[in-house]
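Multiple structures follow.
First chain A sits with chain B, and in the next complex the same chain sits with chain C.
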Partner chain A sequence: MHGFHATPVEASLFGVLAIASLLLAFVMLGSRWLRHYLIAFAAESWAIALLSAAVGYIDHYPELYVIALLTLAFRGTLLPYLLLRIIRRLTIERELEPLLRPGSSLVLGAGAVVFSLVVAARMTQALHLAAEVVVLALTVMLSMKLIGYLMLAVRHEAVSHVLGLLVLENGIFLGTQILVPGMPMLLELVILFDLLIVVVCFGVLVRYLVGQVGSTSALQLRRLVG
Partner chain B sequence: MTGIATSVLIGAPALAVLAMLAAPRPRLAERLNLAAAGLCFIAAVAMTVSAPAAGARYLGRYLIVDPLGAWIILCAAVVYLLASIHACGYMRMPGEEARLPRFYQFFALFALTIFIAPLMNNPGLYWIAIEMTTVVSTFLVAFEQVAEAIEAGWKYIIIVSAGITLALLGTVIFYWAGTFSLGPTYDMTWRVLRHAAPHMDRALLVLGFLLVLVGYGTKVGLAPMHTWLPDAHSEGPAPVSAMLSGALLNAAMAGIVRYLAVLHRAGLFMLPDQILAVFGTASLLVAALFIVRQRGVKRLMAYSSVEHMGIVALGFGFGGPFGVAGAMYHMLNHSLNKSLMFFGAGNAMRSFGTRSMTRIRDYARHFPVAAALWLAGAVAITGAPPFGLFASELTILRAGFRGAGLWAAIVMLVLLILIFIGFLDHFRVMYFEPAGDDAPRPARLGAWTVAPMWLALIPLLVLGLWWPRAMWRDFQTVEQVIERPAAAPAPAARASARMPDARRAS
Partner chain C sequence: MTVRDAILQACQVAFTIAAAPFIQGCIVQFEERIQRGHGPGVLQPYRDLWKLFHKDIVVPETASWLFWVTPVVAFTCMMTVPILIPVLTNYPLPLSNMGDILGGGLILTLGSFMITLAGLDTGSAYGGIGSSRAAVIGILAEPTLILVFVGITLFARSMLPFVVNHLLVASPAVYLGPAHLFLVAAFFILLTVETDRLPIHSSTHIEVYMIEEARVLEYAGPLHALLKWASMMKQFILYTIFCNVLTMPWFLSTRGLAPGVLGSAAGVIVKFVIVACAIVTVDTIQARLRFYRYQEPLAVSFLLAVLAIIGTQIGLG
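Up next is the complex of A and B:
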């Protein structure tokens, strides 16, 4: 149950996939080129899809195969494609004036991981769960959350913001697969669908931004204060 | 009757949207929207009257109609009706005619998403419904398509979507906490969570509640997560601002209250109540500071929304019969009053052609009736008698003075006085400071834009003078659900459970 009683081999498989996703979040954090973000995000979604399938196979949740396929289709393919179209239309290649150099953001990101690890270790202690998979899942979930917020805070290109939001959601999705694999499928389906709508909305808004504000950088959004 | 009311409530706006898509003509869209709003209002009243205390479930338990949800829907339906009437006058400005069908499609859809959220019986689906309200209303905020409106829309969707992912994480944590007693796969509903709460781990419950509170608190506009609110509320058209403020914020508050009930059922009172009180007083403080130095007329109203959501949060945080009843009464009063204020602000903006209060002068001389209504609304929203908000704020304060939230009640009282002075001073300037000689003559106001101000003010006055007993009973049923700890059915035990639980919890 809960994947807590996985054998060491299975647990390390989960661990490898979770850590791979976390590393890809760092790739996004350390890169300046929008296209690299996008590739890293797509790869991260693929890793999460693999994780879903692995959990489904090992813990006997056949519905997770469906989730894995949909994750591949939506998060791994369709959303990156839609964002790629936005990037192409914008002719913006990279963050022009990053608020923090990639190196500094990476250091902050590392701090976020350490903090998440401490929180996760405390939580599992309080719950009397000895499974390392749980600590790992909580750590990755919380640190991807923090890294997503970091991306939202230090980047100001519209597309980076959208990707930051998607990283936030990816973190939750990843944690969900390990912690509560039995969560009713309906929810995950609706969340996938919801993401698609959100990204389409962002696409429309980005077009407005280009048309009316003349820029997609949040640094230009400073008319409304006080 | 509850079933019929629910289907009308969902069906009317949905059909209106479809009809508008089929025949996109401005006048027709206006009428369809108005008809849908009228039907929704009737359905919401019927729903509030007939909702059973334990909640009626529909569509295989995905929908629930309980007194709390019905009440929040009633508040939303009132605002939807008033805003639809106001929109008939406000949105008919030259040059916008061709885009009116699009506006009303989104407007009705927005109302629909707000109605759906409190009906959701599954916390996960509730999350999605709240996310949908954001997506739909972003386009309404950005509707005027000037740079400011788009900036507001962008900030709105980014900040709220980012914030609300925390609520999703909180939802997952609550589900996880339930798996320890209910097994890996179970049907998560509000009631299942409440029943499982005593068996859940306290650390997980508290973590989940904090995440949910910050997540939905972003949407409610509790400080310090309120930063999107003044922009979105001030840049959308006035009817949209009224809907955002009077209807949407309450719908997001519903989630916080339902999770609060889960924590109370687990015997956790002190911690969540105090945290709510902290967020509530922070909202009041931020609102007070920005109200005093405000220059934009709609931003003034927006910060007032932050203030009133803080008061509602304080009411639920103080708890007890008075706290819950005061908070719920305050929701309706605020919905009526804030609609009135946004209509007045929108009218002033349209007729003077400016958002800045420094350029609105001699308002009462130009528009005696509309100005009197708006001024009465301003007096009401600062909590002065004899209007409804006075009654509800006094009730919340009474709840605060008798419990562990005494400090918050005192802070609330001081800040309310500060806001009273600051808010009304802006009105003194707009009404009584003389205009320069070169001041342009303001444009005229139509009947459609003034009528809903009457319709909001009269009930507000009635609710201030007379608190219907049926409403009080309704609030007490909600209070039973929110405040009851698991193993204490008798009223005496309930009263004693509130105070010493800090020691029990540790």
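Up next is the complex of A and C:
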């Protein structure tokens, strides 16, 4: 566990970057257009890459610079580009019948953050970790996961679903950057490759859905076919 | 010492009264420029006020005493708030202990409450529309404003604007902390709401689209001038809280000597013009929303305030 020896200004810097990425998750939760989700996701990945580089600089982990670059290249650029291509191929530009209005989902998301804060505070108490940065990282990680679940639950477009999954994964990645910055680089490479596979599979799935069902909305998928 | 402080306090109020139309003029001028117009010049609000003060008072037959009292009450409220906040000096002046941030908020709200009542008083259609819209938006904006104040209190351990100002100057860690930055973002949205620049109405001045302005459509002559001036002063006061307390707490007079006070007056003007440019840019580049989406910016502001409070609770001040 790290972040114990960060000075107040450095802790503030971690805090700003972590909460900025949480905020971008909220932008995804609150906007209506698929393209905006994508821009917010790319910006979130850039914030997380900056965070990795900052942790690497302050805690002296040179391999984190490489991870930051990989994050920029994959999460910040390649995945959004692939998703953009999928969105361009689709005819829809936004969720036509949202199950929950953006305003309501924002307030629900705020509730999720409060819940995460309580859980994170309890966890750090039980583990006897007093550092504020640890509580913050746990809070942001848990709330980004909950927001990802929320996006999976209240959205019904296939692209929103894959972005929900990616937000969930971004949250976990952000948490690990602050909590266990010495994580082997191999793991990170594996995860990035997994994400790439997920997005490519989704591209194929979306093509199939458009061809066979004529829609990518989960609302249309009601019949179970054996 | 005390005489000088009393004079300075009077100067704060006088400066607010005198400079508020100038800031409004800068905003309008910049808005025109950004839309590729020429603009009437930054001194136009002064000319408007001069013109209105030389007109006759026309009062609707349906108006009651409330219609007469409102402009005076609104103007007095806006003259009271500058006493409580650091406009020119970063230390408390005489009578500034009358109220804290919440007290200032109460007096500001009293002014708009009276204007809302006056809008309903004459029974005209547009006044009613304006008052009901302003009330609905106020209902959603006030809790957020209170949350912002609570957040400020939690990170500064005080509700006095001067303490917040000193803390932010002294400690860059607090200034860069997430709690403070999110409070700034939340307050920025509230600033657009309270100064009637929420991007939910048309920028053309048609009565159907008006929110705050529709409430004062029935006024004419000097009474209208007072209300206009009061709304410019409200804008000036909110800018003061945003700049001198939250975002740019520097360049204020620390000892109350004449050069320092003049310098801080010039600094205040520069800061406000920067904020005005930011607000006008946001106002212009953002697509207009239809009215029934007014909750969304306010929900975002609420969310930011909640995040800020969570930040203070984690202890990242």
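Here is the rule we use: the second predicted complex is superposed on the first by the 223 of 226 C-alpha atoms of A that agree within 3 Å, B and C clash if a C-alpha of one lies under 4 Å from a C-alpha of the other, contacts with A are read in each partner's own complex, and residues count from 1 in each chain.
The rule is short, and it goes like this: a residue touches a chain if its C-beta (ideal position, glycine included) is under 8 Å from a C-beta of that chain, and two chains touch if they have at least 3 such contacts.
These figures come from a predicted structure and were not determined experimentally.
Taken together through their common chain A, the two structures put chain B and chain C side by side without a clash.
Of the two partner chains, chain B is the only one that A:M141 touches; chain C does not reach it.
Set side by side, chain B and chain C differ in how many residues of chain A they touch, and the one touching more is B. Taking Cα centres throughout, chain A sits at the apex of an angle toward chain B and chain C that amounts to 150 degrees, reported as a multiple of 10. When the two complexes are overlaid on their common chain A, residue A:M123 makes contact with chain B while staying clear of chain C. Contacts of A:G30 after superposition on the shared chain: chain C is touched, whereas chain B is not.
After overlaying the two complexes on the shared chain, residue contacts for A:T91 are found with neither chain B nor chain C. Touch criterion met: A:I19 reaches chain C, while chain B stays clear of it. Fitting both structures onto chain A leaves chain B and chain C with a minimum C-alpha separation of 20 Å. On chain A, the positions that touch chain B within their shared complex are 1-2, 123, 126-127, 141, 145, 148-149, 152, 158, 161, 164-165, 168-169, 172, 175-176, 179-184, 186-187, 190-191, 194, 197-198, 201-202, 204-205, 208-209, 212-213, 218, 221, 223-224, 226.
Contacts from chain A toward chain C in the complex involve residues 7-9, 11-13, 15-16, 18-19, 22-23, 26, 30, 102-103, 106-107, 109-110, 113-114, 117, 132-133, 135-136, 139. Interface of chain B with chain A (complex): residues 122, 124-125, 128, 131-132, 135, 138-139, 142, 145-148, 150-155, 157-158, 161-162, 165-166, 168-169, 172, 175-176, 179, 183-188, 201, 203-204, 207, 230-231, 234-235, 290, 293-296, 299. Those residues of chain C whose C-beta lies close enough to touch chain A in the complex are 171-174, 176-178, 181-182, 295-296, 299-300, 302-304, 306-307, 310-311, 313-316.
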